[in-house]
Every structure is written in C-alpha cells, then in structure tokens.
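Down below are the structures I want you to see.
Same chain, two partners: chain A is paired with chain B first, then with chain C.
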Partner chain A sequence: MSKTLFEKIWDSHIVVDEDGRSLLYVDRHLIHEVTSPQAFDGLRLNARKVRRPDLTFATMDHNVPTSDRSLPILDQTSSIQIKTLERNCKEFGITLFDIHSPNQGIVHVIGPELGITLPGTTIVCGDSHTSTHGAFGSLAFGIGTSDVEHVLATQCIMMEKPKTFEIKIQGKRKNPHAVTAKDIILSIIRKIGTAGGTGTVIEYRGETISELTMEQRMTICNMSIEAGARAGLIAPDEKTYQYLNGRKYVPKNYDECVNYWRENLKTDSGAKFDKSFTLSAENIVPQVSWGTNPAMTSDVTGIVPFPDEYGKGNPEEEKGATKALQYMDLKPGTPIMDIVIDRVFIGSCTNARLGDLIEAAKVVKGKKVSSRVRAMVVPGSQLVKKNAEEMGLDKIFKDAGFEWRESGCSMCLGMNPDILAAGERCASTSNRNFEGRQGTGGRTHLVSPVMAAAAAISGHFVDVRELDLN
Partner chain B sequence: MEPFKKIKSIVTPLDKVNVDTDQIVPKQFLKLIQRTGFGQYLFYDWRYEREGIPRKDFILNDPTCKNSKILLTRDNFGCGSSREHAVWALDDYGFKVIISTSFADIFYNNCFKNGILPIQVSDDILQKLFSTKSEIEVDLENQTIKAENISVSFHIESHWKKILLEGLDDIAMTLQHEDKIAKYERSHKI
Partner chain C sequence: MKGSVIKYERDNIDTDVILPGPYLKIHDYVELAKHAMEGLDKDFHKRVKPGDFIVAGKNFGCGSSREHAPIALSYSGIKAVLALSFARIFYRNAVDGAFLLPIEIDESAYKDISDSDSLEVDISKNEIKNLTKNKIYKMKPFPELIGKIIEAGGLFNYKP
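Showing the complex of A and B:
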C-alpha cells in the first residue's frame, strides 16, 4: 500500500498499538532548563531511572543571558533553573552542552548542527518548536513536561495517530533573497490560520521546497506549530545528506544510512493525504505581521486591515482583530511601510542560523542603524556565532550599530534580560507576536532577517525587493 | 493523580478566541522548578494592572465567578508554547473542566496528564453554555453536560477517560510493556 513519509516513520516506530493509540519509540530526546526540572523530580519521587541517557541530550537556552558569559547570572531564579539542569544531567548521566560549551545554543539549532537530528527518526523535546527538526525528514514533536518525564522513564511516547496534511508550494520566487522562507511560512499561516493544521502532521512539498537550503527548510518546519500542526516535515534529499555528513553525532556507518534513507524516506506516489493545500511561490511578497497572532500578517506593500475585512463575517475573529490593533496601537488603513519601529531582534530558532545572518548582513553592510532604533543580533548557537565571526559578519553588524551577543533564545520569549519595554515596537525574526511575548506591553512584528535588517537601517518597514541583495 | 469526580459548578466565561499559553501563564513565571503554586499567575497580564491591582473588567476578577471549576472559552484554546505550566496554573487556580469548540494539540494532551478534562463542543452548544447563569454539571462517567437550558453528551477518547476516572499513572502503564520496549530496542538501531 502507498504510504506518506509520515506514515512510514510512524509505522516503523510503533512498539505497541492499543486502544486506538500507539506507543512510539523515541530515537532522540532533547531537553532544556525550563520544561525539565519537574520531570526529573517526578522520576526521583517514583525512584525511576532515565532509560536511555545515551539518546538524551541537554542544553540551556531559554533563560541564559546573552551578555558576557564570564559574568555571573544575576537573575537568581534563572540561575537556580540552570544549576538544576546541571545537577539533573549529572545525576542521570545525560550529555549536557552547558553555558560554557562551544556547542551550546538554542536546542533546535544545535540538534541539526551536531548531527543529533537524523532523517527517519523520531525526536521529542519539551518545546513546541521541535517541529524544526522535521526539515531533515524526522518526525519531531513538541511535548509537555509530563511527557518529558514519560520519555525519560520509558524512551516512548503514547500518541493518537495524527492526520496527514500536504502543503505544496509550487513555482519559483521572483526574488529569493527578498522573499525568504519566513515569508513563505507566514503566507501559509495567513492563509490556513493558526489552527489550520491542528491534529495533523504537515508534509511540505513542491518545487519551491526542493530549492530551499536546509536552514531555510528549518525556518518553514519551525513555524508548523504556529499553524497548529503536531509536526511538520520535508522529505530528505541530497542536500540533507550533505548537510549532515561529518557532523559530530551522525552514525559511524553514515554512508550505509544514507543509502537506506534514499530508498525509503519519501512519500510514495499514489499515497493519500487527509488534507491538501497549494500555494504558488511566484505571488508571495515580503510579509510583516501586524497583530497578536502569526496569522495576522500583511504584505509589506499592504495596509493594516480593517477588523471587519479581516474577520470575513466571523464576529469572534473581528473582535480579536480589534483587540489586536488596540494592543499594537495601530490604525486600520495605515500602510505597513509607514510603521515606525524602536527595536530590532535578529535571532531565535526560526531565524538565527548562519544563512540568516549572511542575508541580513548584506543589507547592513556599510550602513548605520537608524538613530531611533536599538538593534541586536543573537546567533542561534555558539557555532553559528563562531562561523559568523570567521566571516567577519560580527564586524559588519557592530560597525552599523547592532549589538552582537552570545547565543540563546533571548528576546524571542524574553525569559532572560533581553526584553521590550512596554509600548516598544520591535521588528523581530522570531515566531510569535503574542501579547507580551517579548516583554509585557511590548509590540512584535514578525519578519524575515532581511526585513528586520532593512527596518533597523530605515527605522520603518521597507519593500526589501527594491534593495540590491545579490 | 486524583481520580476525576463529577463536577458541579458555575462557569467562568472567557469570551476570546485563540487564547495562547503565553497569556495563560506569562514567561516571567516559568522559572520555578516545582509544579505547584502557579494559580496566582494564571492570566497574569490580563488579570492585573502593572502594579498588581486586579483589573475590574477581567472575568476572573468578577465576584460571581469565584470558586468556579469550569472555564468556558472559544476556538483554539491553549495554542502556542508547549509549556505545561499553563495547565498547572489552571489546575492550581481551581479549574477542573475547560469547555471550548477546539483546543491546540499539545495543550489538550497536557490537560489529561494533570487531571483536567478538556471538552470539545459545537458552536451552538458553546453559545448556550455562555448564556447559562446557573451551575453546570459535568459527568465524565456518563459523558454528559447538564445545565438548566441544556443536556448534551460529549465525546472523549476511552484511553483518556480511563486515566482520568481512575487517576492512573501513565508511566507505570507504559512500563508494563517493558518486554516489548526492550524487544523493539534490540531490533531497531539508529
């Protein structure tokens, strides 16, 4: 019988099928400081062990400061959480990339970077953006802390089988440097809504997806959760195998694995999806979010919408848009390019990889950050930071007036000192524009790294298609 | 986990769509390393003025909703971050049942793990429940919701029903399959 890629990975990981649910084996478990302490406490309380510490990897990313790492962490509660992770990893024999490790970084950046993420595997992490790893053709789920404990104790997860959702992106983008992977995924979410993928695993397919680099594919899969999906994945290809080749934790028999993946990891022709959606890449223009969820997004050439138009007859959505505009302090009908910003954040598991920084640096080179803007770059990992510095990108950013910081989640969720003040407006390459996400009262506009860089220079959003980015 | 009992309570009507877990419990409260005590932070930024003064116009501060165990809300409740702290906060505050037209997947799953019953109903039913002023009775055993103007049944997966009613430890349940897990590990290499 023809199967989708998702079904193949699902079926090959079933340990037990019962009661309409499956107990799935977990190949890799990633943990971080915020959603794991209570799980380890649960293990201790029940005198349970970590079943496979060799398949479990930890780092600290959510609340680590991005300032000088030789200085002590001033926030006592953050410091306790970080020390707790160190203690737990030591007690249970888990590999930890701590704050001083050259491999520290955002968990979804370091997984692929270290070759922990592999095609055809199941990966879980107590973080919703675990969907990122799907870019490698792995089935990757974000889970809650109770499930983190369950996986630590059993190396399995009990789940109801999700439905399948095919999203096809066809055609060529007119200007791939200006219309980025971020613009593609924001366009998708804008069309299908923040619950459009609920209960499904998305497989992204089509010509446009094949053309993307691995980093760009990660940006797409990363925001699957913003469409409500359980996971998002892309079939692996030669780019995938090349990206992973030689990385630290890939299997010793790598070539053999690649042969197996080549043969097996694709959706069979004739396989049926439960749902389908097609988007043409040719018509996508740079996107800017204006509201308080990622579906509230416009073309940069567009306007802040009128709530009744946005609601399209749904009174709840209309009410939501009215409230969002109030929170964002925006008037309907305002051109997006007239929105003036105070802050710029280039970072997060969505857009803080080397390719993102290279593209942003092209915009910034030889220019100065607008006097009204405070801008920062937070590389996704220590390795991204090192590679960028070897290319001189840090100098380009710093010369323009950007802050160049240490790696971590930083202002994506503002658990560390990097936050917006109330009323500040930020062009951010992160994934969520929820109320207060980047700081209580802060206002977030989700954009690509290129758009964020251009906004830093101009002080407002611009049509980046008009810049020379080649 | 405590076994789930029949709940009879007035409801707290939170009339909003797409309520994300960042609103349910803002990030500044995620640094605690225990599971308890999150109720005080539930809907913090909506519930309080910056100085910690309760906002009169927020439903949790309405005296008629005091001691309510049932939260009514709208589409896509619990979207966004996987933080289980959101469920711990709802539970610690006193909510045992959440009724909506739809829930985000991770949040939905997290509820059952903490003895909270999320119930999905149609638009019509939700609308009627929003207009109910009297107490509502939620009976998990018989899968019914009863109020003065309404009596409906709801769907729940049998696995979750059993876990809630018996207050089972799902890790212990999985560990009963130890032989199968070990067998899988022997045959599966990556």
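Showing the complex of A and C:
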C-alpha cells in the first residue's frame, strides 16, 4: 500500500496501537530550562528515573542573557531556572550544553547542528517550535511539561494519529536572495490561516522546497506551528545527508543509515493526503506582518489593510483586524514601506543560522544603521557565532552599528533581558507577533533577515528586491 | 460543574496573552495564577471566581507549548474553557495535566452565551445549561481516548 512519509515514520515507531491511541517511541528528547523543572520534580516525587538519558539532550536558551557570559546572571528567577537545569541534568545523567559550552544555543539550532536531529526519527521537545526538525524528515512534536515528564519516564509519547496535509510549492522564485524561505512560509500562513493546519502533519513538497538549503527548510518547518500544525516535514535528500555528514552525534555507521534513508524516507507516488494546498513561488514578494498573528501579513509593496476588506464579510475576522491595528497603532491604507521602526532583531530559532546572517550582512555591508533604530544580531548558537566571526560577519554588523550578541532565544519571547519597551516597533526575524510577545506593549513586524537588515539601515521597511544582493 | 462566564469575543487567544513570557520563570502555581490572562485583560485575576468558565472564539491557546497557560487558568479557578476550537498543544496540556476541560461549542452557543451568564456543564450528557437564559446547548463530545484520560484525572492516572 502506498504511504506518505509521515505514515512511514509513524508506523515504524508504534509501540502500542489500540483503542484510537498510539504509543510512539521517541528517538530523541531535547529539553531546556523553562518547560522541564516541574517534569523532573514529578520524576523525583514518584521515584522514577529517566529511561534513556543517552537519548536526552539539554541546553539553556530561553532566559539566558545574550550579553557578556563571564558576568553573573542578575535576574534571580532566571538564575534559579538555569541552575535547576544544571542540577537536574547532573542528577539524572543527561548531557547538557550549558551557558559556557561551545555547543550552547537555541535548542532547535543546536539539534541539527550537532547531528542529534536525524531523518526518519521521532523527536520531542517542550517547545512548540520543535517542528523545525521536520526539515530533516524527522517527525518532531512540540509538547507541554506533563508530556516532557512522560517521555523522560517512558521514552514514549501517547498520541492520536494526526491527519496528513500536503503543501506543494511550485515554480522558481524570481529573486531568491530577496524572496526568502521566511516569505514563503509567511505567504502560506497568510493563505491557510493560523488554524489551517490544526490536527495535521504538513509535508512541504515541490520544486521550490527541493531548491532550498537545509537552513531555509528549517525556517519553513519552524513556522508550521504558526499554522496550527502538529508538525512539518520535508523528505530528506542529498542536501540533508551532506549537511549531517560528520556532525558530532550522527551514528557511526552513517553511510549505512544514508542508504536506508534513501530507500525509505519518501512519500510513495500513489499515496493520498487528507488535505492539499498548492502555492506558486513565482509571485511571492517579501512579506511584512502588520497585525498580531502571523496570518496578518501583507506584501511589502502593499498597504495596511482596511479591516472590512481584510474580513471579507466575516465579522470576527474584521473585529480581529480592528483590534490588531489598534494594538499595532497603524492606520488602514498606510503603505507598508512608510512604517517607521525603532528596533531590529535578527535572531530566533526561525532565522538565526549562518545562512541568515550571511544574507543579512550583504545588505548591511558598508552602511550604517539609521540613527532612530537600535539593532541587534543574536546568533542562534555559539557555533553559528564562531563560524560567522571566522567569516568576519561580526565586524560587518558592528561597523554598521548593530549589537553583536551571545546566542539564545533573546528578543523572540520577552523572558530575558532583551525586550521591547511599550510602544516600540520592531522589525523582527522571529516567529510570533502576538500582543506583548517581545515585551509588554511592544509591536512586532515579522520579516526575513534581509528585510530586517534593510529596515535597520533605512529606518522603515523597504522592498529588498530593489537592492543588489548577489 | 456550575459557574459564571467570562467571555472574550476573540479568535486566536494565544498562550502569550494567557500567560506572558516574563512569568514563565515562576514555579509557584498560585503566584502564576495572579498573571493569568494578563496580556489581554489586566482585571481578570480580580474578577475570576472558583468554578468560572471562559468562553472564547476559534483557535484558543495557539502558540507556545507552555503548560503554564492552562496551569495559570486552572489555579485562577477556571474549570473549563468553552471555545469554537482549540490549538492542539494547549488542548493536550489542559487534558494531560487535568488542569481544565477544553470544551468545543458551536457558533450558535458561542453567540448566545453572554458575559456573566450562569452555566451548568454536564459532560456525561454533553450538555451545557444556560441557567440565566434557561437554554440548553450541545457540546462536542470528547473523543473516546480523551474522555478516558479526563475521567482518570490526567495522563499519569490513566491506565489503558
């Protein structure tokens, strides 16, 4: 029988399958400081052990400061959470990449970087952006703390089988330096909506996806959760195997694995998806979000919409848009390129990998950040930072007036010292423009790294297709 | 379950407004509850009473996987959220930890229920009684497995 890639991975991980519930084996469990403390408390309370400490990896990313690492952490509650993770990892025998490790970074950046993320595996993490790892053909779910405890104790997760959703992206982008993976995924969410993928695992397919680098594929899969999907998947190919080859934690019999993956990890030609959506890449232009969820996005050449037009007769959508514009302090009809910004954040698990920084640096090189803007670059991991510094990217950013910081989640989520002040407007390469996400009263516009870099220089949004990025 | 309604006529109420990021460092659930819904409604914690229900639109709980969101609502006294639909991780967290019941209702019930209405929810009959308006609505029944986990009192108490 023909099967989709999702069905193949799912079926090969079933431990128990009865009464509408499946117990799936978990190949890799990634943990961080914020969603794990109560899970470890639960283990202790019930005198349980971590079943597979060798398959569990930890790092600290959400609330670590991105300033000088030799200084103590001033925020006491952050410091406690970080020390708690250290203690838990020691007690339960789990590998930890701590704040001083050369492998520290955002959990979804370091997983692939270290070869912990592998094709055909199941991965869970107490973080919704775990969908990122799907770029490697890995079935990766974001989970809450109760599930983290369950996986720590049993190395299994109980699930109802999700539906399958095919998203085909066809054709070639006219200017791939200006129209990025971020613009593709924002276009998809804009079309299918924030709940368009609810209850499904998305498989992204088509010519456009094949052409993307592994890092760009991660950007796409990362934001699957913003469409409500349980996970996002891309079938592995030669790029995937090349990317992982030689990384620290890949299996010793790597070539054998690659042969198996080549044979097994694709959707069969006759396989049926429960749902399908097709998008042409040819007409995608750089995207800028104007509202308070990632579907509220316009072309950079467009305007801030009028709520009634946005709602298309749906009063709830119209009301949502009105409230969003109120929060964002934007007037309908304003050209997107007239929106003036105060802050720029290049970072997060969506867009803080080396390729993102290389592309952004091309825009910045030899220019200065607008005097009205405070701009920062936060590499996704210490390894990204090191590689970028070896290429001299840090110097390009610093010479232009950007802050060049240590790795972490930083200003994506407002729980460490990097936050927006109330009323500040930010061009951000992160994934969520929810109210207060980057700091109470802060206003977020989601964009690609090149769009954020160009906005830093100009002080407002610009159409990066007009820049020479080659 | 009997209680009164706190209604938010909004879709996409995300976990960042249910429990904003800065409070994810708090481990004391009672303390956490003081910040529930703070991103959307600063007066929520003054208003909410034990047994209350939240009524909201589509895709409630979208965004982050933070279990702190259903925990904060639960420790505020919220027994169930009645919404047109839920984001899956929130739904799962609410059930797994037995923090609150995520109940799906239809458009007509959503429109009919007003803020401060008194409701009585009976999950054995899949019924919601509006005591203020003297009406009965149907709730969407829980899928079998979820019903069993709810009955057991959460994932860790559930024995297949």
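Keep in mind that, in the parts below, the second predicted complex is superposed on the first by the 470 of 470 C-alpha atoms of A that agree within 3 Å, B and C clash if a C-alpha of one lies under 4 Å from a C-alpha of the other, contacts with A are read in each partner's own complex, and residues count from 1 in each chain.
Basically, a residue touches a chain if its C-beta (ideal position, glycine included) is under 8 Å from a C-beta of that chain, and two chains touch if they have at least 3 such contacts.
A quick note: this is a predicted structure, and the numbers were derived from the prediction, not measured.
A.B. asks: With the two structures overlaid on chain A, would chain B and chain C clash, or do they fit side by side?
C.D. replies: In the arrangement built by aligning on chain A, the partners chain C and chain B clash.
A.B. asks: Quick check on the superposed pair: does A:His150 touch chain B, chain C, both, or neither? Answer first, second, both or neither.
C.D. replies: It touches chain B and chain C both.
A.B. asks: Could you look at A:Tyr25 and tell me whether it touches chain B, chain C, both or neither (first, second, both, neither)?
C.D. replies: first
A.B. asks: Given the touch rule stated above, what does A:Pro251 touch, chain B (first), chain C (second), both, or neither?
C.D. replies: Only chain B; A:Pro251 stays clear of chain C.
A.B. asks: For A:Gly93 in the superposed arrangement: first (chain B), second (chain C), both or neither?
C.D. replies: A:Gly93 sits against neither chain B nor chain C.
A.B. asks: Does chain B (first) or chain C (second) touch A:Gly423, or do both, or does neither?
C.D. replies: Once the two structures are laid over each other on A, A:Gly423 reaches no partner at all.
A.B. asks: Between chain B (first) and chain C (second), which, if any, makes contact with A:Thr198: first, second, both or neither?
C.D. replies: After superposing on A, A:Thr198 lies in contact with both chain B and chain C.
A.B. asks: More residues of chain A in touch with chain C or with chain B?
C.D. replies: Of chain B and chain C, more residues of chain A lie in contact with B.
A.B. asks: Quick one: is A:Pro102 in contact with chain B, with chain C, with both, or with neither? Answer first, second, both or neither.
C.D. replies: neither
A.B. asks: Quick check for you: in the superposed arrangement, does A:Gly392 touch first (chain B), second (chain C), both or neither?
C.D. replies: neither
A.B. asks: Considering each complex separately, which residues of chain A are in contact with chain B in the first and with chain C in the second?
C.D. replies: In chain A, positions 16, 19-21, 34-35, 37-38, 62-63, 75, 77-78, 80-81, 126-128, 142-147, 149-150, 158, 160, 194-195, 198-199, 225, 228, 230, 293, 316-317, 319-320, 413-415, 432, 434-437, 440 sit in both the chain B and chain C interfaces.
A.B. asks: Inside the complex, what are the residues of chain A that reach chain B?
C.D. replies: My answer: residues 12-13, 15-16, 19-21, 23, 25, 27, 34-35, 37-38, 41, 46, 48, 51, 62-63, 75, 77-78, 80-81, 84, 118, 120-121, 126-128, 142-147, 149-150, 153-156, 158, 160, 162, 194-195, 198-199, 225, 228, 230, 251, 257, 293, 316-317, 319-320, 413-415, 422, 432, 434-437, 440.
A.B. asks: Going by the contact rule set out above, which residues of chain A touch chain C in the complex?
C.D. replies: Residues in contact with chain C: 16, 18-21, 34-35, 37-38, 42, 62-63, 75, 77-78, 80-81, 126-128, 130, 142-147, 149-150, 158, 160, 194-195, 198-199, 225, 228, 230, 293, 316-317, 319-320, 323, 413-415, 432, 434-437, 440.
A.B. asks: If you look only at chain B, which of its residues touch chain A in the complex?
C.D. replies: 16-18, 20, 22-23, 26-28, 30-35, 45, 50, 74-76, 79-84, 87, 102, 104-106, 109-110, 113-114, 157-159, 169-171, 174-175, 177, 180-181, 184-185, 188, 190
A.B. asks: Any idea which chain C residues touch chain A in the complex?
C.D. replies: Its residues touching chain A are 9-12, 14, 16-17, 20-22, 24-27, 39-40, 57-59, 62-67, 85, 87-89, 92-93, 96-97, 143-145, 154-156, 160.
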